[in-house]
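Given below, in the form of structure tokens, are the structures.
You will see subunit A twice below: alongside subunit B first, and alongside subunit C after that.
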Partner chain A sequence: MNELAIDVQAVHKSFRSTQVLRGVTLQVSRGKTFAFLGRNAAGKTTLIRSLLGLLTRDDGAIRVLGIDPQREPLELRRRIGYLAEDQTMYGWMRVEEIVCFVAPFYPTWDHALAAKYLSDFELPLRTRVKHLSKGQNVRLGLVLALSHRPELVILDDPALGLDPIMRKQFNRDLINHLQGEGRTVFYSSHLLYEVEPVADEIAILDQGRILRQADTESLRRDVKQIVLSRAALNRAHNQLKILDERIDGDHAAVTIENFERAQSVLGREGIEHRVVDLNLDEIFEAYVAGSRRKSPDAVAQPELQPLI
Partner chain B sequence: MFLRIEKGSSVAISRQIADQIATLCASGTMKPGEQLPSVRELARDLAVNQNTILRVYERLCGEGLLEMRHGQGTFATGRVSKTRTAAHRARLVDELRQIARQATGLGLTTDELHELLTEAVDSIPTAEALPAGRGQTS
Partner chain C sequence: MRTIWQSLLWKEWHEHKWKLVSITAILWGVATLAMLIEDKADKLGVAFGMVTLCIVPLSVFVGAGAASNERSRRTLPFLQAVPVPMGRVVAAKVLFGVITLTVPLLLAIALFYLRSSLFTGDGRILMTAGELKNSLTGNWYLDAIAFAFPLVLSLFIWTAATGVNRRDEVSAGAVALGAMTAWYLLMLFLSYLIFVLFDSAYGSNSPYAWLKQLGMSTAAGGFVWPFSDRNPQWVPILVGAVGMHAALLAWYSLRFGRVSGTENYSPPAARRVVGQLEWLPKPHKSPFAAIVWKQFRESGSLALAGLAGLAGIIAVSFFSSPTYFLQEPDHLAELILGVCATIGCSVAIVVGIGVCIRDVSPGLNSFWRSIPINVDLWFWVKFVTGMLVLLAAMWGPLLVALFALSSDPNRILSHSSYGALPLVQIAVFSAAVAATCLVRQAIYAAILSIAATYAGIIAAWGLWFLAARFGLAHAQTSLLSELTAAQVGVGMVLSFIACTIAAWLATRHDWGRKTPD
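== the complex of A and B ==
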């Protein structure tokens, strides 16, 4: 059996003249919870839709559960659970009706599990879908995405529209029902502090490129801020992998990758410095800022939704 | 066992959990031989990835604070970790330096700061006055 649940190699995708994915490469092992983070319009939804075979890529290769989504989209979708960012469901159906409507599409649908989710999520069975709140809508989408016990669950920004208590509950459900049963979860988010407790691994996507893929603990160990004098920075500049730098008078604060190496460089040069631990938001910010400095021409372009 | 996770902190979640359990052991709140929640239970309780909890338990076992008994669960040993105590001490010294800097910034003299520190020490209830492990746990 293939050890990778998702294998993406150098995928490109443009909408007319707008390049949305510029050579995305990432791997997700089976059984892992993988969060990928990006600002709005970073290309998150485009990548997810390509994984599902809802979009055709321009270049590169994708395998999801060993299947090319472009060639066998239906077989693939039977085996994965998917929640879209803007999940649209028939508004005139009642909650219980839509569950009964969706169930027959999946041979592995588990009615008892669906009923359990409906009650855990406190969803009103008799209410029409169009009358649900935003949070209830997301929860209903989750019921529909999870009740056939898929091997792989792909969620497009599921925490969006959930209040803090629901987000925690959602994390708990991920841990109990999906991680606990060894399923693979691939989800996008822009809330780093929400994914940190849950994700085994994260990837940072910006302007259609993966800037970094790592488990959160290695990422924290590897990316630090160093405060030192400006003169010292000039001396060590070429030997540091700098993501972002700020200068204030004689002082400089640089956010660097490969901390272990940086420390030995600074030690060897006898440079006095202070190390600051960063939270994930700061690390994310440094990567995004760093990538923009390297390619100032590639300013964020709006992500165009295809008209389908 | 009450643990608190601070989201968005610059301290990794695994370290937050490890530090808090170590503090509970050191202060006696977690008694020698006492059983910890299972990996699964604690993961659910804190809404934290099971692998993270497992790694924390393994690390603390490596340090000798906890032991995993096959098929029974994870227990506090009552031993103290030397590396952890040293690290804790280093952190404390660092915090004291920051406090000293703040005090200087506020215009306190060295004597005034000494006096405040003595008062703070005096205000800690003695071991007899308080059941073991309550109070100064963090």
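== the complex of A and C ==
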């Protein structure tokens, strides 16, 4: 049995002259909760739509549950659950009507399970979808995405627009109903504190490229901030894999990758330093901000044109 | 830097420019075809009639856009947040709505002048003694403008005012048609009261006759009443018409943007009632059954609203001369079919747009495509269900009425122009579906569906022309020869086939104008 739920190899996608995905490669193991992080317009939704077979890729290969989404999109969609960012559903339908409408498209639909979710989420069956609150709308989307017992659940920024309490409730639902049942979850977000407690593995996407993929604990162990003197930084600069650096007078704070190796370099050079543990938010910022500084796109400043 | 007025006018110009171009192309196409089709001496009169028939629904479409496009595009909250008085926004919308309708109309009349100039040299159109007697200006072109411009203006104002703030253009158009018909019926009822109370005593010289015209002048299209047949009481009637339309404009201006819907706030969470058992019904048995159910719910209401509109118009026509129609039921049957011929096409456009306008909106397009739905099944079930709902709603009650009223219904139905009506309606319906799938915007789809239907006729005419050139047909070989009923029929079939295939391919491959989520 294929142990990878998602296998993406060197995928490219452009919309006219805009290159959105530039050789994206990532793997998601079965049974894991995978956080797919990126800023707005990083290409997250484009990759997700490619995973579902809703967009055709220009180059590269994609296998989801062992299926090529472009070749067998229907077979694939029967086996996965999808909740889009700010999901729009037919507002004129009542909650019970939309559930009964969607059910026949899934051969594995479990109507009793749908009824249980509706009850757990306290969704009123006779209310029209357009009269639901944002939180209820997301929960209804989750009912529709889960009631056919999918092997893989893809969530595209599902908590976007929810208030903090609703986001916490959503994460609790996620843990209760998905992780508890051992399903694979592909969770795209740009709210890092939201995914930190639930993610087993993380990939960071920026400007259409994967900057890093690792399991959450390894990432926290591997990426640290080091505070040292400016002179010491100059000495060790070429031997460290620096993601981001900030200079303040005689001191420098650098965020580095491959912390174990950096420790041995600094020890060998006899450089005094202080280590700061980072949360996912700060790690993400270091990768994205660092990549922007190194990117040739960032160097080329656009010519300013006067506003009319 | 632009002034507020420049900014507003720039915005409206960009939102209306393609409508203006499309409407101009349609009116020119219709005028050209009409001049080719009719084998009558009064070609320009017939062509102007066809142009007027086209501009009536187009005025409603453009008015529906002015009423609700900011809400349907969800740009209303942004517009409300800009520090500009809403009155200026409304003024810019009215200005460009009127320009979008009147410029193509003037250009169509200019086309008549060009054609006439080709044949007469000076472009003058001679009028008969009867026409001259009723003429306002003594000039055919000025009379045409004096008739069409108030008509267009009135329909635009009525639609914009009565459909204001509806959630989308289809809804705005439907509400406006309902309101216009209801008002017409009310005025007709008041006229009937005046007839019963006063005319019976005074006969044809009743001093209160003008009151009836005053009432009718306030209805949609009522601007024509003060100018009809050199009406001696035209001043108070004109004041009544202007007053009513000014009131409608004021209503539109005051109401525009005052939405208490869900755009501006999140609704409080609806709750399950404690202690109340809510049972989840059984799901639909198959994808086919689910799609049929959905389509019936979406198209059924539109078709029934259209049917109600038709019934209203027929009632208005009937009550305008009830004794005549009761004596001549055959004429009433023909009236019913005539109304169905003209207004039924507008209903077909609305139902055609309604088949897929929701499904191609960015959010719902992603939603249904992410479900394991066979796209071919989805399209064909929706298309056929929508078409059957349209035909059943339009023709079921009408055929019952026809067979009940007419002594010889087969004679009426066998008339070629009536027999072809369902064909015309399904051609228009498929054109509306295709245009909606491709442009994904109701007003443009409505405009383009008229153009696509006429394109079918042009294609048929081209086929005949080529066939004649190669000796395959005995049809006419001149470019300026008349179109036959067979050519029109083939044109409808061609339009239906081409538009249906285009709509299917657009749905299958998710082709069409993309708007951001």
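Operating definition for what follows: the second predicted complex is superposed on the first by the 295 of 308 C-alpha atoms of A that agree within 3 Å, B and C clash if a C-alpha of one lies under 4 Å from a C-alpha of the other, contacts with A are read in each partner's own complex, and residues count from 1 in each chain.
The rule is short, and it goes like this: a residue touches a chain if its C-beta (ideal position, glycine included) is under 8 Å from a C-beta of that chain, and two chains touch if they have at least 3 such contacts.
Only a predicted model underlies this, so the values are computations on that prediction, with no experimental measurement involved.
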Contact-wise, after the overlay, does A:E194 reach subunit B, subunit C, both or neither (first, second, both, neither)? first
A:C100 contacts which: subunit B (first), subunit C (second), both, neither? second
What is the contact status of A:Q9 with respect to subunit B (first) and subunit C (second): first, second, both, or neither? neither
If you stack the two complexes on chain A, which partner ends up touching A:Q263: first (subunit B), second (subunit C), both, or neither? neither
Compare subunit B and subunit C by how many residues of subunit A each one touches, and report the one with more. C
Taking the superposition on A as described, I'd like to know which of subunit B and subunit C A:T127 touches: first, second, both or neither. second
First (subunit B), second (subunit C), both or neither: which does A:L54 touch? second
Subunit B versus subunit C as contact partner of A:D281, first or second or both or neither: first
Starting from the residues of subunit A touching subunit B, keep only those that also touch subunit C in the other complex, and list them. none
In their shared complex, at which residues does subunit C touch subunit A? 262, 266-273, 278-287, 289-290, 293-294, 297-298, 358, 361-364, 366-367, 369-374, 510, 517
Residues of subunit A that touch subunit C when the two form their complex: 49, 52, 54, 73-75, 77-78, 82, 84-90, 92, 96, 99-106, 109, 111, 114-115, 118, 122-127, 130-136
Residues of subunit A defined as touching subunit B within the complex: 33, 168, 171-172, 175-176, 179-180, 192-194, 196-200, 216-217, 220, 276-282
In the complex, subunit B touches subunit A at residues 5, 7-14, 40, 43-44, 46-52
